[in-house]
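Shared between the two complexes below is subunit A, which pairs with subunit B and subunit C, respectively.
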Partner chain A sequence: MNGKGILKGMGVTLQRFVDTYLDDIRWWGKRYYTPEGIAHRSSTNTKGIFTIQYPEEKLPVPEEFRYKPFLLYEEGEKGEKNIRCTSCGICAKACPTQCIWIVRGTDPATGRPVPQPAGFWIDADICMSCGFCAEFCPFDAIKMDHNYEVASYTRNLMDIDELMKPVSYYAGIRPLNYAREEEARKAKEAAKAAKAAPAAG
Partner chain B sequence: MKDEDLRDLNLPGYEIPPELAGQLAITTLDRVYNFGRRSSIWPMMFGLACCAIEMICAQAGRYDMARFGMEVMRPSPRQSDVMIVAGTVTKKMMPAIVRLYNQMAEPKYVVAMGACASGGGPFKEGYNVVAGIDKYLPVDVYIPGCPPTPQALVAGMIKLQEKIDKQSIKHVRWYDGKKEDSVAVAIPYLGPDLIDPRRIPEIKAKSMELAQPPAPAAEA
Partner chain C sequence: MATPATETLDLAVKFPGAVRADTRPGFSGWVVAPEKLLEFAAFVRDELGYDYLVNLCGVDNLPEGQMEVVYNVYKTTGGPGLIFKTQAARVDPIEIPSLVSIWPGAELQEREAWDMYGIRFSDHPDLRRILMWEGFAGFPLRKDWKEAFHDEEIKPYKSRWPDGKHTYAEKRSAYGDNINFEPGFDPEKWVPTDPEEALYAALKKYKSEEKDGIKTDHIIVNMGPQHPSTHGVFRAVVILDGETVLSLKPVMGYLHRNHEKIGERNTFLHNMPYTDRLDYFNSMTNNWGYSMAVEKLMGIQVAERAEYIRVIMSELSRIQNHMILIGMLLNDLGAYFTPALYAFEERELILDIFEAVSGSRMMCNYFRFGGVVRDIDETSLRKIKDLVFDRLPRKIEEFDRLLTENEIIVSRLKGQAILTSEDAIAYSMSGPMLRAAGVPYDIRRADPYGVYDRFDFDVAVRHNCDMMDRYLIRLDEMHQSVRILEQAVRQLPEGPISSQKPSYQIKVPAGEAYGRVEGPKGELGFYVVSNGKANPWRYHVRTPSFVNLTALEKMCVGTKIADFVAILGSIDIVLGELDR
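What follows is the complex of A and B.
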């Protein structure tokens, strides 16, 4: 019989057509603007391609996603910001695009250098998000941010006030990295204490 | 009147004070005018480097810039509103880009997408790369990133929409009779790195000469 193949093909099309409606009913009201909806639409189980309704919903970024660097500070008890950076300048030396500028801080009373940056600038319009600064920093003071909504009307030179973010923010965006680093830090401190204890005793 | 005041006027539900009643029509017109412009920003279709891939991705189904009326990539500068300079701009390309910008009809905007277009990126001290197109073109929005993700590009385009929302029909340069209708930028000449096509025969002759050394003098 002629035309069998056409009928078969039309059957497949009809099946797909019905399936789209069944899928719509199954995901009624939760396909968009919900985390499980985004996860389903991005997974391999989904049928078809779906738009991320960007300003209203955002595609979750992986933990290792990196955009622009930022500086970490520890929050003190009185709300003071204890910056981790010691202005050693390793990040500026490691930066392939040379977009980091650091000014070493000085004690205003004595005029001697202190391990704190007086100024820290990153030219975000030069930075190519390689993450070398974060890799090389021995103090875990500079890390890569997840925030990509940084478009501006002028050249985007980020100064120290813009760059500083609390450690809690870092723990929020990179929980696994944070846990690993904290563990390493504690182990190091314990080893230091164990080494110091017999010497004292 | 300041930009902030105008933006407030453009918001719905704003009570017009009596001293501004005479301007009621013009501010309403602003809203309509800006709504039309912000909802049909047609970009020019050209990409220069890897950022162009992200721009293509932002135009495709997953991020779908058509939701903002930016889906019509025009192949002609005469029909486009915004120039997304996506990628590394070499010195050879810069005169062409400036010429395209001059050919665009007002209102025209420039978006520098990515590190290379904004500031030169890793090639900022390169011998053949322009360290930031803002040296030659008036850039409206800078989008940092290397390359910016499609969502970052969309965020930048929303920023451009916000800029358009703040403009007033009373003050825009293309309706102001006193100013030039259109901004024309002088086409730059970027030094000896640029190959001068008029010298191509000369260069060709020299290279031919180097490739084929002259036959040794006939034996005596």
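What follows is the complex of A and C.
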């Protein structure tokens, strides 16, 4: 019969239409603007409207989500910022777009290199958020941020002050990674201590 | 490591003096003298059965002072391929006979080699620039050509560390702009040439005709580059007689960024995130193609668990690609956004998985040489299982119910834009386009890679060669992908996710490799030549979108202009990999 196929297809859209309202009724008042509502709408058994009303609602980002890189510093007792970066330059070499610029620190008295950057820039306009810098940094000093709302009216060249964020911030956005790295660090230190102990004894 | 196993027959004996084996370390195949090229190609096609020209690209061997063209040919009955090359002295004009008469699929690829290397293909029907514009000075992929913001020959640049005081690129250019002038260029004396002249000249033979004593002019219509049906900045110049298409020329390159030049400046690892940006719907399969080529060069194995993860990711990618394709095809046909947005729901769920495992929804950058970058977490694995065993089969079936029998769709698609099996092979079509033309050629079966030989699935094939089949084959392929996924998820072994230690400096021995994967849009191939240094000497991407467009004119001639939109939609192009 002519038109049967169209009616069959319309049946699908009608089903969806009804489902949308049924789901809204089932989740009365909780489907929108609530964390569990957002989780429901992005789960595999969702029905009905999918849309997240950005910016009123925001999808939570997964831990591995990567945006622009930032530099980690340990907070000292007197509030000083001890940067983890040793200006070894591995991130600058691993960077595919070559958007990382580092001036290696030198001791003003001796002129020798010191393990600290004197200047650090990331050209965030060019950065492609690939995550290689964070992946290959041997000191866990550079990590990928979760903040994706970085639109600006000017070009976005980030210098060392803009890039620095405390380790506690990192532990907040990537708890599992942080725990894993801390564990590895402790294991490494324990192994070092165990190696040093018999030598001392 | 040798790329494809070569023919046991000694072709050097068959063509004495004109053919010799390529004996450079790491290379394989045959080097053919240009004057015997046509004869050799005809022999390879007709006598040996290599009827399917897959890849054609130029290589600039600057130190040896020669220009090379590489051809990869395969049999449509499956099996390993044959690689042959032809070389000419690197002195302009470089002449090499065109193979369009043997494999019409060489047309666009030869134009690309001309555009990028200045290799003149004699007897080519329409040798014009393709990615660069007419009037562009120089051949950008030549090793001695430098771009406007040229920094250094290879990455990593020395200016970045240890004394990397930031400067903007335009500060280095004398003009403060992204312009490169010829030495001695005087803007006052410059007379602009019409860049479209050559293009329209190629179409002129159709310009007017005389019918029953009445002279009829045909109309030239420019579809694009700003046209919603072209999925980006693609342009087709169409010659019309009333509404019927008489001739058509694709114009591309509006999104050209010389991916390959960037790739040759990059180190091997640097290229991985760049491949994401080719077909930005399927970064997972792009990653796979590239890592496969480099893994072949390095001669390394991939960790077992990573092989399964790769299969899972690329099949998920295929499903979301086909969903979007069907949705967008329906958009082109006028069913505005209902199917497209239904498709986006499933895509959203799949992209959520990609984001959780790789860190990014579209630019996944997930593969590394020898494995993948990180394991699938428990939550994502559960989500994949829910999708594979429950939701996706249901949703694919829903698509089927929604569209397949719809009378409007059937009348728009059925019997339209026929591309026969012979033509599809001759024009180097690949992927769903080839299989919808009745050729059951799927690289996952014909030349298996990864662990695809362990799964039980059918090669989807349809025999009517029309647009309806091109739509239906996508549904079939989604069903097959779900089948593969079910097995892969069940069999997913425990173990390490990479066979290599993570390193940003990768040692790649000298040689050549051609890695090919069955991407959702067709065959995605990476031809990589290494000279043992940190950067690839040659990095060529054979993209399905680009090569599949060779047959666009063939399919469009004789149809109505409104169908051009649907034909283009059914080919499934993405401009990121078309223009590179």
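Following the convention adopted for this analysis, the second predicted complex is superposed on the first by the 173 of 201 C-alpha atoms of A that agree within 3 Å, B and C clash if a C-alpha of one lies under 4 Å from a C-alpha of the other, contacts with A are read in each partner's own complex, and residues count from 1 in each chain.
Keep in mind that, in the parts below, a contact is a pair of C-beta atoms (placed from the backbone, for glycine too) under 8 Å apart; a residue touches a chain by one contact, two chains touch by 3 or more.
Since the model is a prediction, treat every value here as computed from it, not as a measurement.
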Contacts of A:Y153 with subunit B and subunit C, given as first, second, both or neither: first
Per-residue contact with subunit A, leading partner among subunit C and subunit B: C
Partner chain(s) touched by A:P55 [first = subunit B, second = subunit C, both, neither]: first
Subunit B versus subunit C as contact partner of A:K68, first or second or both or neither: first
Which of subunit B and subunit C A:V103 touches, first, second, both or neither: second
Touching partner for A:M128 - first (subunit B), second (subunit C), both, neither: both
Intersection of subunit A interface sets (partners subunit B, subunit C): 50, 96, 123, 128-130
Residues on subunit C engaged by subunit A in the complex (per definition of touch): 151, 155-157, 160-166, 266, 269-274, 338, 342, 344-345, 348-349, 352, 355-360, 363, 365, 373-374, 383, 386-387, 390-391, 398, 401-410, 502-505
Touching residues on subunit A, where the partner in the complex is subunit C: 2-6, 8-9, 11-13, 16, 42, 44-45, 50, 61-62, 64-66, 87, 89-90, 92-96, 98, 100-104, 113, 119, 121, 123, 128-132, 135-136, 144, 157
Of subunit A, residues touching subunit B in the complex: 49-55, 58-59, 67-68, 96-97, 123-130, 148-156
Touching residues (chain side subunit B, partner subunit A) in the complex: 61-64, 67, 112, 115, 118-122, 124, 132, 134, 140-146, 148-149, 151-152, 154-156, 158-159, 163
